[in-house]
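Should a chain be cited, it is by its letter among A, B and C, assigned in written order, with residues numbered from 1 in that chain.
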Amino acid sequence: MSEPLLQAINLECERDERTLFRNLSFSILPGTVTRVEGPNGSGKTTLLRILAGLNDAWTGELLWCGEPRRLRRESFLRNMLYLGHRPGIKPLLTPLENLRALTAGRYPMDDEVLLRALSGTGLDGFEHVPSRNLSAGQQRRVALARLLIADEPLWLLDEVFTAIDVQGVEAIEALLQQRAEEGGAVVVTTHHDLDLPAMQRISLGEGDWDDS
Amino acid sequence: MWQFFHKLGSPKWFYGISTRLMPWLLVIGTALLMAGIVWGLAFAPKDYLQGDSYRIIFIHVPTAFLAQSAYIMMAVAAVVTLVWRMKLADVFVKAVAPVGLVITFLSLFTGAVWGKPTWGTWWIWDARLTSMLILLFLYGGVIALDRAINDEKSAARAVAVLVLVGVVNIPIIKYSVEWWNTLHQPATFKLTEKPSMPAEMWVPLLLAVLGMYLIFGWLACIRMQTEILAREQKTRWVKDLVMAGRH
Amino acid sequence: MTAKAPDIRPVTASVGVAQAMKSVFLRDVRVAFRQRQDLLNPLLFCVMVVTLFPLGVSPEVSFLREAGAGILWVAALLSVLLSLDHLFRHDFDDGTLEQLVLQPQPLFLLVLAKTVAHWILTGLPLVVLTPVLGVMVQLPGNSIAVLCLTLLIGTPVLSLIGSIGAALTLGLRSAGVLLSLLIIPLYIPVLIFGTGTVAAASEGAPVGAYLALMGAFLVLAVTLAPFASAAALKISLSNS
């Protein structure tokens, strides 16, 4: 058994005077897919943002490779990919320019590689169209193209299936499965009924926690 | 040291200690302020240049002092909020900002009242008046930002950043306003200050200043207590406190 | 679960700070040039504000000559203020701000890159426009030159201080008005020294010391403001 990438110990988060979760502990191991589930408003997105380091209204402990995350901020950020429900696509830029800007701060890539990734998400012929002319689903696909070239061991994906058509959903499921087999760790929140073999679940909801 | 610091951060502990402290602050503060004001207004000698009108300094000077020190205190609390995330510090900032605003306004108002007989006008763009006016704006900004953010913790930290940016700016503002003032108004209206005040004047002034600080402390405590009760209303000790109050 | 984990990349494997800053800067410039009207708006606004003074107060040469530098400075200040709302808002709305905060490079440097882009897109054009406006308000050539210099040093300070306010009010209702309330008091020293320098120059006094002082403001703003903005951005994002 390999060492956990990310470890949460007794996480507690309160929002607008309501406790979203308490005593939440879990480990994210390499080679696993973890699904965060629960009804609307149960704090799935908040939990993911906490894990990504975007939300700091929480108490408890988060360990990155066994050390407190705040001490290893740079290493954590370098090795974690977060896709929020706002896809991070500038409407005025083309998909190619967007992808280039999103990867430039991490691992600059040749345009060829980026174009291949875009074509891999079914955006052939749209590479040079301003993104505002694309549909919501296509815009998300631009963000998802990052997953085809990402080298980060930990992916945190928020509502990754939103606005994606049936074939797209299947492709993403396959991609997550493949990623886990390669040894990457993926954490997703979704309303979509995702069921992969050996998937870890973190259930958020009314009062009782269960991270079996 | 850390133990003490930790304790200091506990709202419950603060509530207890401040409840015991407050009557003293109020009683001694009022006594000092009254003594200073009565002495100053009725018994201190007339100023040989300004006659009786100078007597407003017994209110004006304490408010002007406090207006500035309250902002400095907020800045210290802001550092504590950002570095140690101490709850009590942001309660302090939130509670004190409106008090600071009112005090600053009072100091401007008494300044204007003093200006009328001395300078012949309610308002002049004197360096000190102008920088107090800007201080009033800073307080206003802090309060506006605090009200605009719903989430308590985010509000506390955002306000702390703003207060700190403001405190870095205060000396710059003061300096630039003074420079501007000498540039535009070469000493037309200079406060006629004598090099030294006689003791019959500065002793009552000192009393009034001390009294004002203590009353400010009392106001801060009472406002902090209210804020603490509102924030901690779900905790056991607040419930116990409320139940005990009913008997 | 025997698969080998993808290696944890050492920090040194990430892109250098300078290159990341350049990429942030270029993206902002590129976006701005796709929406050219947004570049023109602050300039038009500035011209209009300046126009109001001769119409509203007096077109007398003596008045304009005396008040001209102040009018231009106030107009430039308000234009910068107006444009600040856009500094982070679009990035916030479309999610690129989250991605910026999660880049491995120090956030304050990336924020600095954005602020520099903001200055080049709004402050610098205002400086370029100043001679024309200066002629319109009857300023003598010498004053116009000094005015341009003060704006050249002063407008970056406006962008830098303004970025703090923009970050603090991100995602709030009526953020625009609130932003002005927070930032205008902090702009006062720059305004005073900007106009004061021109006034000194018109009286024939040497202005080197004044300009040096404004330079000191700029240095102070460059060193401190990005930290405050970065902290404020994290707070605002945490709240969303």
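Operating definition for what follows: contacts are C-beta pairs under 8 Å (C-beta built on N, C-alpha and C of every residue); 3 or more make two chains touch, one makes a residue touch a chain.
Since the model is a prediction, treat every value here as computed from it, not as a measurement.
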{"item": "Most contacted chain pair (by C-beta pair count)", "value": "A-C"}
{"item": "Distance-to-centre winner among chains (Cα means, whole assembly as reference)", "value": "C"}
{"item": "Distance between chain centroids, defined by C-alpha means - subunit B, subunit C (Å)", "value": "32"}
{"item": "Inter-chain centre distance, subunit A versus subunit C - centres from mean C-alpha coordinates, in Å", "value": "34"}
{"item": "Centroid distance [mean C-alpha coordinates] between subunit B and subunit A, Å", "value": "48"}
{"item": "Interface hub residues of subunit B, defined as touching at least two other chains", "value": "151, 154"}
{"item": "Subunit C residues counted as touching two or more neighbouring chains", "value": "238"}
{"item": "Shared interface positions of subunit A, touching two or more other chains", "value": "57"}
{"item": "Contact footprint of subunit B on subunit C as seen in their complex", "value": "161, 164, 168-169, 172-174, 178, 181-182, 184-186, 188-189, 192-193, 196, 199-200, 217, 224, 228, 231-232, 235-236, 238-239"}
{"item": "Subunit C-facing residues of subunit A, complex", "value": "1-2, 5, 29-32, 52-57, 65, 74-75, 77-80, 82, 84-93, 97, 101-102, 104-108, 130, 151-153, 180-185, 198"}
{"item": "Subunit A residues touching subunit B - in the complex, by the definition given at the top", "value": "15-17, 57"}
{"item": "In the complex, subunit C residues that touch subunit A", "value": "1-11, 13-15, 19-20, 23-24, 27, 30-31, 34-35, 90, 93-96, 98-99, 101-105, 110, 234, 237-238"}
{"item": "In the complex, subunit B residues that touch subunit C", "value": "82, 134, 137-138, 140-141, 144-145, 148-149, 151, 154, 157-158, 161-162, 164-166, 168-169, 172-173, 175-177, 179-180, 183"}
